[in-house]
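Take a look at the structures below.
Shared chain: chain A. Partners: chain B in the first complex, chain C in the second.
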Partner chain A sequence: MKTERPGSLPMLVAAIFLLIFCLLPFGYMVLTSFARRPDYLRGNEGLTFTLENYHDILSAQSLHFLDYLRNSLVISGLSAACAVAIAALAAYALTRLSIPGKGAILFGVLAASLFPQVSLVSYLFKMMNALGWINTWPALILPYIGWVLPLSLWILVSYFAQIPLDLDRAALVDGCSRRQILMRVILPVAAPGIFSTFLLAFIFAFNEFLFALVLSVDHRARTIPVGIALFQGLHGQIPWGRIMAASVFTTLPVVALTLFFQRRIVQGLTRGAIKG
Partner chain B sequence: MNIELRQIGKRFASRQGQVEALAEIDLTIGDGEFFVLLGPSGCGKSTLLNLLAGLERPSSGEIRFDGQTVAAAGGDVWVPPPQRDVAMVFQSYALYPHLSAFENIAFPLRVGRTVRREIEPAVREIARTLQIEEHLMARPAELSGGQRQRVAIARALVRKPRLFLLDEPLSNLDAQLRAETRVELKRLQRELGVTTVYVTHDQVEAMTLGHRIAVLQKGRIEQIGDARELYDRPANPFVGRFIGAPRMNLLEATWRREGEAVRLHLAGQELVLAGAASPHFGGREEGACLAGWRPEHLHLEGEGKEEKKTSLTGRAGLSEPLGREYLVHVELNGAQLTVLRAGPPPGEGQRVRVRPDPEHLHVFTSPLA
Partner chain C sequence: MKPAQDSRTALLFLLPLLLTVLIFIAAPVAGTIVESFFRDVTFLPRRFLGVDNFRSLLADRSFHQSVRFTLLFTFASVPLEVALGLIFALVLNRPLPGRGLLRAAVLVPWAIPAAVSGRTFELIYNYSYGLANYLVLTLGVSEAPVNWLGSSYGAFASLVIADAWRTTPFVAIILLAGLSAIPDELYDQATIDGATGLQQFARVTLPLLKPVLTVALLFRTIDALRVFDVAYVITGGGPGGSTNALSLYGYQYFLSGDFGYGSAISVVLFALALILSIFYVRLSGFGRVLT
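So, the complex of A and B:
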């Protein structure tokens, strides 16, 4: 039987179209970030290459771009780490112990994550205000943990469920306590899954806009999405070049991490644990 | 180590309600014995192994290791697996995929806080015994099925457990490797002298490996004995059919004594059995039973005049060459018999006579399970 080759012409055309459709905005973003004038498509000047925009965002103190970047990395990193740590313990319990109403717990968690952010944000503001945490890192880290936790839990539960129960039983017979099973067997085996979950949680928190907009005031806690959005309006004119340069710059770490983590995921999860 | 199981029962809650996996299990396994739990899938043999390992708690009864209770129903006594000093080989091998073969084998030692410098020699020694020295640095994913299985056995034996449990360890190997590993396991167990409980659904494995075998069905022990006893004197039709390949022929029959001989009615025919069969029928004068013969105890004879009614008449069906001999199917007024025959088989459809050995008759008065 002839196997279907992915190289057939309609497939190729469709793939190219899809790629262009997805990547065009990014291409436009990158081009604009290097352009002296953002309206290079109009009129007769054409594109002139410059690094000025990048120089501006990295050196101009008044833009606080590097502060935003630091805030974003710390807040997203801590949120993702805490969420994944909690989710890993919860996922282990949910997949390994006989808990009545497991499904109900998981769906409850999912339901909680379905609340629109807008419905939470005003109350969150009141709470953080009362705590005096507005414009601090914890004001964003705590809500972010709660916000990415359902996602992390769901991903990790599906990962942990794939790890054969026989591994737990073997470790138990080999003399491990429950805690040792988790630390010595389950977590190392699930490492690729935990890592990719961390990355997803990180990207989610990194891209979050609404909470960050409401709960931060200035460069001491403001994150990059909000920072970039508020670049505008200094002189009544939108600095497209700088916005695009900042966007490109912040996309780089995420792209790099994603490329790296893809390779890790492909390694497979439990290859060789069982027969076959 | 000496193991006693007293009135062990195990019930599971399932969607259909309570499921009784084991009931009234009474067993004593001697020190150094190679004991096999044999039965079809779902008979509770793996559950019994898990009870010994401490992976499950009994619903009733008591388990003792060397006279010391390790598990008693109702939670009165419970020794968790890490304190039982029991090692287990799983059907799936359950090797830790993130560790090398060496670290897999060393794992129980590291968890058990063996002194660091004693770990390496111990691992090397057991690896040498199992001939996997050159694969110690490989991850499980890089090993073949047979090598993984050896690593799993090495991991179980490295800390010299008091009790060695194996849950269908050979079922994932191909036929040739299975036969080789079987011999090796037997040799290894004899050398180490460790008390071993081995679960299998394969009666050949059970007969070749076990000092004694317990045949289980539907959570109950049908019979315990060595391979010879189970083969020669099965306690009931289930054991008769389960042990031995090709399987035992069983026919419903009625019988009546006539002096020394016994007159047997089966499949619409009459068979007169000489005095040798008489003891099988016990003290009664007549009754109904299941009569069983193993295929090697039936003999094909050419059609001829027969006055003494020592054989049954049937029609030859398919014959299967088994190498050394043929397995001939014979149809007998609707009943089917299988006969082992050394010579060339009769042609299909040919009328044949089947003469059973009177002394190798098995008589079961209980209904076929």
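So, the complex of A and C:
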């Protein structure tokens, strides 16, 4: 049985290595965010605890940290919601209705997610520039919907495929239209799956970097990953404390969300990758 | 049921998906391919060039360097991530004490935006006070601090490590799903037959994990080829262009207003991804698994 030697030495060593590997950089980020100086490991002063870095990023208007955070939350939230809605409609059609070329559509959409972002970005920039939307929320939301759609579709198709077709048949006999079936029968049953898909789509959009780098200019639309990546100090001194504080502040909600909904996320990720 | 009405509904339900993919993925990709045959530089008249952009790429030393880095990075980081991911998956599949904690820990690097963790790694690699050199000196691995980001080898290793940190969890989670799908009876039978742990791994675990391993390899390879975030943040392509990934190189041309040449670079990048994907799929009979 697999459970025969749960505590074998190599496994324990590997487990400890896993913990250190995964948590050390994160721990270092947290520690540095509370340090008065970033050179506490090698400097003369040692670690002095301070909340100054957090105070700075939350109160200094000129850093625009809260603007970036707001942009990120709105853009990721809206694009994830739209992507999930579009994917749910399509997943219903793909699992319930007879469509010629079903497989071709699924694979076409999957293939679309294989293109490197850099191959989309110049065209998207020209498109948004022509519309005069550069540095606005829609300039990011629309491409993000396309960006997270393949993933959302694959996960939802695998969820919907597991819902018994009898539910549809019964509702059809009762005289429901397809739209009513989707809204009143399938969505309530698939709610957990929809929710996991939304979470994953949200995290993917929240973490996106290249589109945001190109399609936003300043705090009006810039998202948090770009904000943190471009965070530079005056006079060439990198303000590590503030950067780490901003990183922790940004990361904590995502990490908390991930840990809280661990099962759902793992399920969603594996469904996206492994069919069924 | 009314099939005619059904197919109209189906079309209606699929329309938003098809439109979104068409406008925001297919059209940009097609546009980029067309663009790669043009001179399209800001303030200059647009002109059809045929394959001249690609011909220039052949002679472009920075482009060669960029292709070399991208391929080396992919072939260094993907096997490392899959090997580590497999070990992590095996650990997570055991009923060890604190398994919940382990499963939670493995998700942390995955959840942090790459650009954000990239910043942390930039600090980790800081020559005079970063964590990496602190560990290197404290553990006695080296007498002198390592110049992580200042040398081309150091920068390469730095990026591979930072990328492995960020993406190993994804591999581990996918492989874990594959592992838990292997029926316990197979291990019971193997134990009765007197197979050692290592033999069980080689004869039961690995063969049954092959389809999932292929998926992980495929996804990771495609992702590693288009590496951008970590390289942009940690090394910025340096030193001396030694870590200038293809995505980064294309982005630089795009930034300078040379859309045609930048597009040609992107086209090469997705041609590489396509070739490697087909290679994997052929090699593993993955197509059969999916159908």
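Keep in mind that, in the parts below, the second predicted complex is superposed on the first by the 247 of 276 C-alpha atoms of A that agree within 3 Å, B and C clash if a C-alpha of one lies under 4 Å from a C-alpha of the other, contacts with A are read in each partner's own complex, and residues count from 1 in each chain.
By our rule, a contact is a pair of C-beta atoms (placed from the backbone, for glycine too) under 8 Å apart; a residue touches a chain by one contact, two chains touch by 3 or more.
Worth saying up front: this structure is predicted, and the values here are computed from it rather than measured.
After overlaying the two complexes on the shared chain, residue contacts for A:P164 are found with chain B alone; chain C is out of touch. Shared-chain residue A:V189: touches chain B; no touch with chain C.
Set side by side, chain B and chain C differ in how many residues of chain A they touch, and the one touching more is C. Contacts of A:V74 after superposition: neither chain B nor chain C is touched. In the superposition on chain A, A:L172 makes contact with both chain B and chain C.
Shared-chain residue A:L58: touches no atom of chain B or chain C.
Of the two partner chains placed by the overlay, only chain C lies in contact with A:L124; chain B stays clear of it. The intersection of chain A residues touching chain B with those touching chain C, taken from the two complexes, comprises 172, 270, 273-275.
Here chain C touches chain A in the complex through residues 1, 3, 6-7, 9-10, 13-14, 16-18, 20-21, 23-29, 31-32, 35, 84, 87-88, 90-97, 101-121, 123-124, 126, 128-131, 133-134, 165, 168-170, 173-174, 176-178, 184, 187-188, 191, 197, 212, 215-216, 219, 222, 225-226, 228-229, 232-233, 246-247, 250-251, 254, 259, 262-263, 265-267, 269-270, 273-274, 277, 290-291, going by the rule given at the top. Residues of chain A touching chain B in their complex: 164, 166-167, 169-177, 180, 184-185, 188-189, 191, 270-275. Chain contact summary for the complex, chain A toward chain C: residues 1-8, 11-12, 14-15, 18-19, 21-26, 28-29, 32, 38-43, 85-87, 89-90, 92-94, 97-99, 103, 105, 108-109, 112-127, 142-143, 145-147, 149-150, 153, 172, 178-179, 182, 203, 206-207, 209-210, 213-214, 224-226, 228-229, 231, 240, 243-244, 247, 250-251, 254-255, 257-259, 262, 265-266, 269-270, 273-275.
On chain B, the positions that touch chain A within their shared complex are 53-55, 80-82, 86-88, 90-98, 107-108, 111-112, 139-143, 145, 148, 155, 165, 172.
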